[in-house]
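Note that subunit A is present in both complexes that follow, paired respectively with subunit B and with subunit C.
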Partner chain A sequence: MTHANGASRTLSVASLARVEGEGAMHVVVRDGVVSDVELRIFEPPRFFEAFLRGRAATEVPDIAARICGICPVAYQMSACQAIESACGITVDEQVLALRRLLYCGEWIESHALHIYLLHAPDFLGYESSVALAQDHRAIVERGLQLKKVGNDILTVLGGRAIHPVNVRVGGFYKAPSFAELDALTERLRWAVDAAIETVQWVAGFDFPDLQLEGDLVAMQHEHEYPITEGRIASTSGLDITVDHFPEHFSEEHVAHSTALHGRMRGGGTYTVGPLARYNLNYDRLPALVKELAVAAGVARECRNPFQSIIVRALEVVFACDEALRIIAAYTPPAAPSAEMPARGGTGHGCTEAPRGLLYHRYTVDDAGVIRDAVIVPPTSQNQPSIEHGLREFVQHRLHLDDAELTRQCEQAIRNYDPCISCATHFLDLTVDRG
Partner chain B sequence: MTLPAVVIGIGNRYRRDDGSALKVLEILTDRVPQSARLVESDGEPARIIDSWNGTDVAVIVETVRRGDAPGTIATIDWDTQDSPAGSPHHDHGSHSLGILEAIALGRALERMPRHLRLVGIEPLDLGWGEGLSDPVAGSIDAAAQLVLDSLRSLVNG
Partner chain C sequence: MNATKPRLAVWKFSSCDGCQLTLLDCEDELLTVAGAVEIAYFLEASRATAPGPYDLSIVEGSITTADDIERIHEVRRLSGHVVSIGACATAGGIQALRNFADVREFISVVYAHPDYIHTLETSTPPSAHITVDFELHGCPIDKHQLLEVITAFLRGRRPQIAAHSVCFECKRRGTVCVMVAKGIPCLGPVTHAGCGAICPAYDRGCYGCFGPADSTNIPSLIPALAAAGMSPFQLTRVFRTFNAEAPAFREASTRAETSESIQ
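What follows is the complex of A and B.
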């Protein structure tokens, strides 16, 4: 971070803290005006799209699960949906219900992680979740236990908590018995209460004034709060089936990031994620969640990115409640998976990852081999919107010193829960050899 | 059922030598004593804490850059010192979530194993792709043996 003279300065954060992966931020101010904002994301340069070409379509769920440690289910579900669409596979209703349950586990886990370990410390003046835990151990323990309930769902249905191995094109390798799912019920009932307490806790935070501008894009479903099924809708009136995604959205290369930037064709930036889902699907939430939303002061509409922490907490309540509903109604499917026919084609898949819309497209040949793959993750779609929002945010905070301005910018970025996936996990150590 | 020991391998098999710990876990599959279990991890701290929760001994295998020759194996015992032998750089990538945070958070929550040992393997290549570099591949057996020796000495220690 460096200071220039007077009203011109440059802020650089080489490695953003408390985002999942690798990222950096660069802000340039010239003569009192923010002239440049760049969020530098070191996302895999389409490694996985290239890696998947030439692989058997049946391998894709296992490989796609490795794209992100935090949301492997999202990658698996969008991938399965796209391949099933390409090959003309119809999936059993109970299998679809199990997929939704698995996805609920991922929402619970991902949102609890973000709320308690990544985002809440910002609002409470702590530099890290560790510092928060030192002063509020019981609260952080509640968050970790809530997260673990999500983990437990992934373990029962996915075979393990990271990179689930039980998912396949057409369904699952093995469907759980009712008793196996019912064993989760007691913990989920606790989780509903813990999630309600979470909403009440985060609703009491102080939120800076900021309004998210532009279009919000999310899936919409006739009857459900969207997770795995639906059309793609926007606050400006877009309403399309998933296979029309490429006609309405594009990705652009930018010099400062290896992640592509999402744009609406003929339009501008747009935002996906919890706020988009919430604003477009409030009516689909159960009464319990709506009552909590009213009490939290965000009923029906919420465009303040800082309040996304409340919306995530509301979505955790929803996901726990939805998981209980699915388990109560569950009867094992006749077969855990549909067979894969020897038929190729191009198919599209779209689901709501915890961070927002996740689109996959695959072309499969008649031998069942992937010939083309396109993956559009939520964070690359949000990147232009994050930069646009930061420009306004910084402009109104130029009176702050560099340290405080940088801290607030990092908090603003964390509002979007950017998942800059596929980072390495190595540890750098400096050794004093005396 | 909680077992007295856990071996946690942290890594990404699609980032070349970052997959070294997962390779170590593979060859340990049939070799660890029944009192220990093997856990693959992506480094997310809450899951790491859950993995060692209730265990007496945790051995973590991870790619560690110390500037040594590629393939060099180092061990660090975290239970015997307040802080690791060195500190993380923040200019080389993702360290916002990981083992250091897991240890700090585990300490704050008093959820630490009695013994915590890191077996680190120095990487050569952390680029995109599968497969280990030759020097790292050549160290996998030794790292696995070191894990077994650690379990033997720490579980009874």
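What follows is the complex of A and C.
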């Protein structure tokens, strides 16, 4: 929809496609200057933080998973970690390794979905991956099979790909045998090669010039590329333990969104996700992934949001390689799960969902019942940054007609792999040109 | 060419996106399905949308806003067949927990400006508002069942979806009964089949995510669940989670809540 009037116009995308959830975008242009950009999130609220109160702490991993069908493991892992912290539960090293393996499955599944089915069609001028498959069937098949390997990990270890059943506070209901996990090895070796081909394929796309400004925030770990554990760090030098998150980050409620907006206290907008992880943790990547990164033209610092598709592909190589490493080193834990003590408290949990930092905080009473719940998903944190970035992006593209400007804005928004279901817990574009 | 292909639409209401993701999770079959139909409207997969009418509409999610009510009627008007998928679209989903509480209090817990939020006091399945031709259960649905439902409607026959309990699937899978052998409380005897009895195979009791089976006798299961160690508090909650608004589960949770207050 367009209203052109000299130098002023309104651009409106009423329903954003190829994102998870429901949202729209509204851009207002006055006298040739972008005066306002709003990501309108109208995904209806589902009130998880409200109805988790009064539930048993042991129920939270199953319930929190239902916030997002694309990244349920992320919700389960941050929830478990927070509750274990609240109740003083120590988790076995092999159980932690299994959690990391499960999470690798989700990274592979979610990233392959985003790269092949949601994002790549933008770069190649197709409306969908189905249309892309009509011309490049073998490529789309490769993406689907790569995605399937991620789902295979989730199915073997979690019971099923969406809303896995095997996760519980303290660990798992049942630990797999080495043979059950080793059955994944051959497919994972294929997946490493397919992921490498994916990096080489996406590295050949055309990337518009754009620099992501502001702070990047991700977890950091002494030895590992962060997935399930670590401190919270930023490119401006923040370095805190997970329990200090509330002192440094806040959420605001704005009129145009059922997703709260994340802010850094005393700072401004910030960005979480693959680019933040990559920039803050490049040194922790295995040599294979660093070599691929250099060959793909992304150095140790990559701030072009369009190139996030390369970084996601690099993370898929990493996740497949890491899964192989975990399986090779696996011996079943003595017990699949730690006991739940009758002790309450407040605990914080933070893990790296495919879309970025996912923070949970729960207060549990001595009877094991949830008294307070706070969940801060990645897309809520990114929403102000997406709006900020779009303002500059649109400003430089005002010469485009509405159809092309809309297409390019949607692509720019997809750079962030927004998950609106999570954030509302997103997109119709409206440009108001006056 | 497209004129001869059946036209498929996928709609989202209040949900986690997991059930429509199930279609994209059919990695081996997706391109075959996409070849057999015209995907006319499926926002999660394509920015190309075509106006109705549609031969088959698949609906994910529950009705939680005034706009949703208008939209679900529009879907019905535009569609030859409407199939609801998942616990949200068959029983209101986890967000139907508001039906047992005060939604205004819920809003005040999550949002600083309650006046920005427009939502209904209840979460209801599409069938509470329109005629639905078939309901596929699960939180999430099973992909093989989804493919069966799509195939059946495209061929003009009823879907072959068993309505018996999870117990049958455990027997077929060769899983030893976790309630009998290990004393683990299990909702398998009253829960709709379809998942393939995953939980008992992972040493945990079924937690009812596919909702009630077609004919159930929940009151006769309650003593067995209690004997396996479930308190009235746990009984209320196990029936009041993902399919809380499904009539058989609603009745069970309400009864358990009553005995909670007596104790």
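The definition used in the following text is that the second predicted complex is superposed on the first by the 417 of 434 C-alpha atoms of A that agree within 3 Å, B and C clash if a C-alpha of one lies under 4 Å from a C-alpha of the other, contacts with A are read in each partner's own complex, and residues count from 1 in each chain.
We adopt the following convention: a residue touches a chain if its C-beta (ideal position, glycine included) is under 8 Å from a C-beta of that chain, and two chains touch if they have at least 3 such contacts.
Just so it is clear, the model here is predicted, and its values are computed rather than measured.
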{"item": "Greater residue coverage of subunit A in the superposed arrangement, subunit B or subunit C", "value": "C"}
{"item": "Touching partner for A:I162 - first (subunit B), second (subunit C), both, neither", "value": "both"}
{"item": "Which superposed partner A:E141 touches (first subunit B, second subunit C, both, neither)", "value": "both"}
{"item": "First (subunit B), second (subunit C), both or neither touched by A:L117", "value": "both"}
{"item": "Subunit B versus subunit C as contact partner of A:E127, first or second or both or neither", "value": "second"}
{"item": "On subunit A, the residue positions that both subunit B and subunit C contact, one per complex", "value": "15-22, 44-45, 47-48, 51, 66, 69-70, 113, 117, 128-130, 133, 137, 140-141, 144, 147-148, 151, 160-163"}
{"item": "Interfacial residue positions of subunit A with respect to subunit C in the complex", "value": "15-22, 43-51, 53, 55-56, 59, 62-63, 66-70, 72, 113, 117, 127-131, 133, 137, 140-141, 144-145, 147-148, 151, 159-163, 165-166, 168, 172-174, 252-255, 258, 260, 336, 407, 410, 421"}
{"item": "Footprint of subunit A on subunit B - complex, ascending", "value": "10-15, 18, 40-47, 49-50, 62-67, 84-101, 104-105, 108-109, 120, 123, 126, 128-129"}
{"item": "Subunit A partner contacts - residues on subunit C that touch it in the complex", "value": "12-22, 24-25, 27-28, 30-31, 34, 39, 43-49, 64-65, 68, 93-95, 97-98, 101, 103, 105-107, 109-113, 116-117, 119, 139-140, 195, 198-199, 201-204, 207, 209, 233-234, 237, 241-242"}
{"item": "Residues on subunit A engaged by subunit B in the complex (per definition of touch)", "value": "14-22, 42, 44-45, 47-48, 51, 66, 69-70, 113, 117, 128-130, 133-134, 137, 140-141, 144, 147-148, 151, 160-163, 420, 422-432"}
